[in-house]
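Should a chain be cited, it is by its letter among A, B and C, assigned in written order, with residues numbered from 1 in that chain.
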């Protein structure tokens, strides 16, 4: 089960990307526009933009191996008090599991992605100086939803604890 | 097979300050994704990643030399996908010196000289480059 | 993927841009090399960065003599004081550029600072603050995003660093880096030449000042040498005089010894004659002596003459003995160490030795106070008394009064020797203690007496002063501590 504070972190985090690998052990990186935690806190469903990589599904169907990395938070367990966006942005966890199911994304999924886009915009525009348009282009209406049960969680926040396995 | 070359237009993207994503895979097939602040341009056929901490990424590369790097150019609505293969690790020479200089400068400015020390410059050969233009929002 | 081919317009624009850059660099080079003034050079370099290239924040730092610190000597575009700001070699971009003597370009430093701050925070929370150091302050923009640092080199010798930075998240391009590097290299040569010139000018100025003051310094040195020479002559004189006095003392001792022996014999014989004469006189006057003997008046007279002659002889012997004693006392050869003495004894001995001179018509009036014994070199003080009294006798010309007054004054004693002689004029009074100065004319005396007296009294940690009025007289006042040191 995903710990409560990690669920809270996921709700506030803004940047997600995932790694798969193909039959030849060649790794691939995929942009993840949004995510939700299952009610049982055992699964995560990821949302992919329309131009998601054409190797994503073949890789998942080949071996099912999936690693989701999420970073950036102003409300996670390691958030500074008061918040420091430039520092707290680097809070990071990796969720490993095996592909379970996928489907077309729906309106509810789109609403999640829109909220993520809004959070991303609020953080990236002042922090990195990006334009609103550039930020918005990343969070188009999702095309694909993919669910996987979380097998392991690792703390990837840079620092002495990086790589530590989180108790589930 | 012809050698794959990095286009000139990718160089500014490597230094635009947006963290890049690195994907690796262990010998038993478990993928790993992480972000890094900086990818170094060596020449049109090679990139370098700094080896400062012994991490999962480094462990995977030692088992399976293949890596994937995503470079993001948000303002151009573009993502560059670069596939790499580990070539060699350098602990001296011009590439190591250039990376070491930069790390030393930032570490000394931030009081992290005891923490940030470049162990090696890991040099990767580029195996493929793909430019993905996802276009503006509307 | 296919590279887009540049159009003719693109190439023309590129050429125009490069030509413009070359012209700018030529102008900058000419301007920098036309001056040897450091401030002008700084102004040209920083002005070029700001107004022509659009880089609004730049610094020139020079390496100090220790080779460990760089100091800001010129800056542009910063609020507050940056001049004088320092960076240690090896710290920050500027310090590492100096250490490695290589150009460095960094961009998006803000995100990197955030990343490192996140790590710092994790380390602090994990109790590993001991591995962290304080962030070293460096002059420049606190929110710098992009920066180029270029070492200023003269034949591989580092003289400083040139820094250009921006708070915008733009990145300096390769072309911009090249332009900045070209200007920086020109600046290095110009700064080096200007510093050489400045050092040369400074040396020239120092030499000119040295020449100007040379005469004054030679004069001052000459005066110093003359003073030292005078002091040396004084000491030599004193030494000679001391040796003379020592020789004289030995002579006196020898003479005294020679005189004492026959005087002793004369004194003994005189006593014998006196007693024998007394016996004869008694026998003549005794009853029972022949009447003719008792009535012989010539015999009585002869006996009386013998008695008086022997009495006179005795007195004369006593007087010679007294003179010899005074001589010995004056010389006090047996007492060459510092000793507690009664100063009145010394004055009296001196007066005895000068009796012949005093008899001529000079009256000596003494007002002796209740003086304790004084720790001194008695022979030296006797020399002073001899000198002062001798001078007083000369001043009176054989007629007049010499008054000697002594008294206790706290921890010291005061002795005054006053005469009713002709006095000393004010201009001579100023030089009275100068060695060689004399009012007695050429060949009469050495003029050293009073200068020696001065030295002797100084040696006793005392003072000697003179006051005088022409036609009225002169008074010398000696003050001596009872127990010097």
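As a working rule, contacts are C-beta pairs under 8 Å (C-beta built on N, C-alpha and C of every residue); 3 or more make two chains touch, one makes a residue touch a chain.
Predicted model only: the values in this text are computed from it and were never measured.
J.: So, comparing each chain's Cα centre against the centre of all protein Cα atoms, which one is closest?
T.: Central chain is C.
J.: Weigh A-C against B-C on C-beta contact pairs and write down the one with more.
T.: B-C
J.: Please report how many Å separate the Cα centroid of subunit A from that of subunit B, as a whole number.
T.: Result: the chain centres lie 21 Å from each other.
J.: Distance-wise, how many Å sit between the C-alpha centres of subunit A and subunit C, to the nearest whole number?
T.: 84
J.: Per the centroid of Cα atoms for each chain, what is the distance between subunit B and subunit C, given in Å?
T.: That gives a centre separation of 73 Å.
J.: Considering subunit A alone, which of its residues make contact with at least two other chains?
T.: 128
J.: Where in subunit B do residues touch two or more other chains at once?
T.: 17-18
J.: Where does subunit C touch two or more other chains at once, residue-wise?
T.: 110-111, 113, 115, 117, 119, 123, 169
J.: Subunit A touches which residues of subunit B in the complex?
T.: 17-18, 21-25, 27, 29-35, 53, 55-56, 64, 66-70, 74-75, 77, 79, 81, 83, 132, 134-137
J.: List the residues on subunit A that touch subunit C in their complex, please.
T.: Counting only subunit A, the residues touching subunit C are 78, 80, 84, 86-91, 127-129, 157-161.
J.: Can you list the residues on subunit A that touch subunit B in the complex?
T.: 15, 17-21, 25-29, 31, 49, 51, 53, 63, 65-69, 71, 92, 94, 96, 124, 128, 130-131, 133-140, 154, 156, 162-163
J.: Okay, in this complex, where on subunit C does subunit B touch?
T.: Residues 1, 3, 90-93, 95-97, 100, 102, 104, 106-113, 115-117, 119-120, 123, 131-136, 138, 145, 169, 171, 173.
J.: Once bound in the complex, which stretches of subunit C touch subunit A?
T.: 110-111, 113-115, 117-119, 121-123, 126, 128, 168-169
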